[in-house]
């Protein structure tokens, strides 16, 4: 850790800070410069954090050397993690497409959609029973009834079921019905929920928050791993920017960057990442090209009747076309469709 | 609601959509233009939402005429709401300063800080027992023990106690100890928590999310009011932008804009809004000047030892100076310090 | 154009506004609703703009129906424009890679870099003689000497030369030496420069500004076309967001969106779009996958000695590897490397 | 400067880098840690920049200790700079209000507006003759004719004239007519224009770019000072964020932060900072409260007929009310209206 002192800090200030660093068993460094005194503290930065040096009135800034996360870091764990999703492995050489409607609306809607995505080559089925909606007047999901429909349709079509959990109190119920949890963008820093998901061993698809830096996303994943659940899949789904032509700005830079920093698999949600169905196909291909391990895509048997996110949902035939067109991009990226 | 059709939409498409609008009991309008056909639907837009017209493949865009919120809107409720906080009324002619440490750390720290802020003129005491922290390795708060300390110190110093609640399962406990809930930026769209807070009648200080537009904030407040709790105080605490010199960008435009759109009181948190203690004073004055109803400020008896947010916490004497300097700004804004 | 009146606007206000609309030869529409009066104006929205209706105290908001640009719009010009760059056509079925150093530094550096990129399959050579730099103490480019070096090396290696112009006064000189102008992100709204480039017939590679919405980029291109130069190539190079792990956030959503809205070719600059050489390859592939017409890539014969942007410049062997790996993605996208 | 090496960097890599640091006459520091080797380079960081260490393949990151600017820094120049604007001094104990229309439209419009703002207490007159407009179809200003009108009206009403310059080729002409240059947000990084303005001795009001960090703004000012013109006034006018309820997000944090970092005066433009006339008054007061040295405000004798920015222009009587209401805030901030 590098500690830059304010211009008017004295040698006494520096000595007092160095003594506190040494008292923690860390190696202190004194680097007087021409305009500033700089101190160093060598050792475990999580220990140094206890000193709260940035609160000190004589400290101008504190700069970390190491990443603040550990368990998710590729440095500690150089090989790619493969997360089991039903009988499929997410990560490594497979490219896994998870598809389905935004929300479970009825048995018929789920069955028709599931059969379509299964037929086109999806590896897993998505569908939300608890829907976080910006307005209290929008459809909020079918709740437990939705979970039951999802479970039954997933069983019938032979796909693992992925669904969102929004609240600690629901974790047990959702675990009973689903093969993997989805933790949504608005809950990426719901730390109590992350801890609860860390108590499970079922996979967690953790979506990046709209205002979350990649470091924040990795720290959110660290919460889950720190509780003992290693099965985390990161998901880029677009961030909030000034651009209004799309619902979000899909940050694909995140894919190769996460691959560099972490051993966890990472997938892309081009539906939320764009908000417009006509952009989903091109961005799905781009995701495959830059190294993503899979996709999370909204498909609806009749998007114009969807109770949520219809504008960004693909028609079944659009999804089938996308799966065909996707194949050579997946192959060029050195993976194969699961 | 204004519905713009795609260039290749036919008269038949338009007629079919107009029939759906009429079937809902709304007044349909047909406006053929030179380059686009535009449709209108006059009536309650929350009803029109059921049509999900933006999902239709022949619809290019849908533009609302009315705000999507209702209960929080000043149009429905022209007079300022005054929220009771202990014996103080937040809103109207009072300017209410809520001060205290980021986190409750010990009885001694709370007592010393509370006496200092009380002496300087604070109207209420803040202190967090459950701390949402970006890293799992950071101090997470004292939990129920923290609530007990806060309660006891608030009683002893005669101030109402404000504290954050982060989870539905904690609402009842926090309600027992606190005079007002704080709902943090990371939970602004934790809709289940909002609904649970709507079941209470204690005031809720609802902080704007880091990526939340003002419309999102007002819709989040609408969740609480829709459940029956009218005692909501909005709080601007800075948004996430590209600027890195400050922790957040305090968006004071929000204050007069919220005053225009809503009857709810609105306060400002210049501590999180800047992240640096030397900026807190100037921005507190600016908040008073542009019409805020109060402040939420972090003060710590010894910021350089604080377990969280020390860099943005005022020293007690800095807070006392601020309260003195603040008075003429509050007066010029036509309010008086509570 | 849709004009929403304020709640307290009267029938007289509406009539007065409708009369102004009619006086311009447009068709006025009166749509009284339950909570708001809405007016419509059908016809050329550029004419309606003259009314400045959003300035009227009784007008709450004004919503356009049509895009504010015309010449760049695909609606007016459905077929893809192909821009001639030397003997290469940029747009259509070709995928054009423009490569070279950020700045021209010396004849030797240019020659070594140009030979390397030519050998690896680049279609055109880039190199800046006038460098816009954030700090006045950074290297500002060689000026005319740099143009001469670029011209000579481009001739010797048989590639068209692309270089940035930063100032109206330089347009003539740059035109003399270069085969195509580059207009940088910081100058995207330097409208005088855009007009001057519109007087030329040489191609202009117009880079998106860091804070520019796609509509702003298309309007900037409209400036050039409106002056008579149809040879504009748009370039996505990343926007300014809160993410700090990368220099910019490359917004690839822009590619399919621009393709939908405009007939102009669009290329991607993954060097500035990421700021880190290890991310350039994956994002170059993603750009090809989502439909870009080419790439602008920084390559330097010795990046660790580069006078600018070394961190994001590829080593020659990295560029050669990228070109090999890129081929199947370009082919899968239905294009061929120029 | 602190240089963090990659995990696999060897002692040889470190030694080679240290030798390069020493060869420049700087003091090298070697700090081997448990997980990373860190190097230091003590001395003038503008010299160290020549090494381009961030381009080195074994370097993970480079962190500056000192600010990259020098002449604008308060460290070098602790006392507030006072910039002469006509007979008024901008900076120090005065609070200077510059008011007038967005664009000069006609002699009558300028005269009526100038008399109104003069009567209400404005210290200087603004009005644009060259208007940078997003669309080529919008009014672009009267050019030299506009400068003549502005000059004549300013003379007649006894106020200094402030007007925007957008192009190097216009600097001489504008200098002839105006008492101060305005350099607009879109030109903040038009470095050639900054250099040309640095050759003048007339004051330059430098507006922050929409995507500019404060460090970028200070570096832009450094360009002007480095050319010899010390008369720079910084201007916060809002930045580009995701919020769409206002035209820009006015970043008032910038005011106390700039005051800390720089000796230059700083003013606020609440017209562009909000984009809505009803928010201008509150934000003008907030600007005064947090320490700004003045305001730049758009006032038009008939905003509903303004050719640009009418929505954010005050009516003369609104401006007069604002000036009256502003006075106690200015006084509370320890300044007096110029």
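Chains: A, B, C and D, in written order; residue numbering restarts at 1 for each.
Note that in this section a contact is a pair of C-beta atoms (placed from the backbone, for glycine too) under 8 Å apart; a residue touches a chain by one contact, two chains touch by 3 or more.
Being a predicted model, the structure only gives us computed values, none of them experimental.
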Message = Let me spell it out: compute each chain's centre from its C-alpha atoms, then which one is farthest from chain A's centre?
response = D
Query = CA centre of chain A versus CA centre of chain D: separation in Å?
reply = 38
Request  = Quick one: report the Å distance separating chain B from chain D, using the average Cα coordinate of each chain.
outcome  = 31
Ask   = Between chain A and chain B, what's the gap in Å when you average each chain's C-alpha atoms?
value = 26
Request  = Name the residues of chain A that each touch 2 or more other chains.
outcome  = 211, 239-242, 244
Ask   = What topology does the chain touch graph have (line, ring, star, complete, other)?
value = complete
Remark   = The residues of chain C that touch chain A in their complex are 211, 213-215, 239, 241-246, 249-253, 255-257, 260, 273-274, 278-279, 281-283, 285-291, 325, 328-329, 331-333
Key: Residues on chain C engaged by chain D in the complex (per definition of touch)   = 46, 49, 52, 54-57, 68-69, 132-138, 140, 166-169, 186-187, 189-192, 209-211, 216, 219, 222-223, 226, 239-240, 303-307, 310-311, 313
Message = List the residues on chain D that touch chain A in their complex, please.
response = 2, 4, 7, 29, 31-36, 38, 40, 42-44, 63, 65-66, 75, 240-242, 244
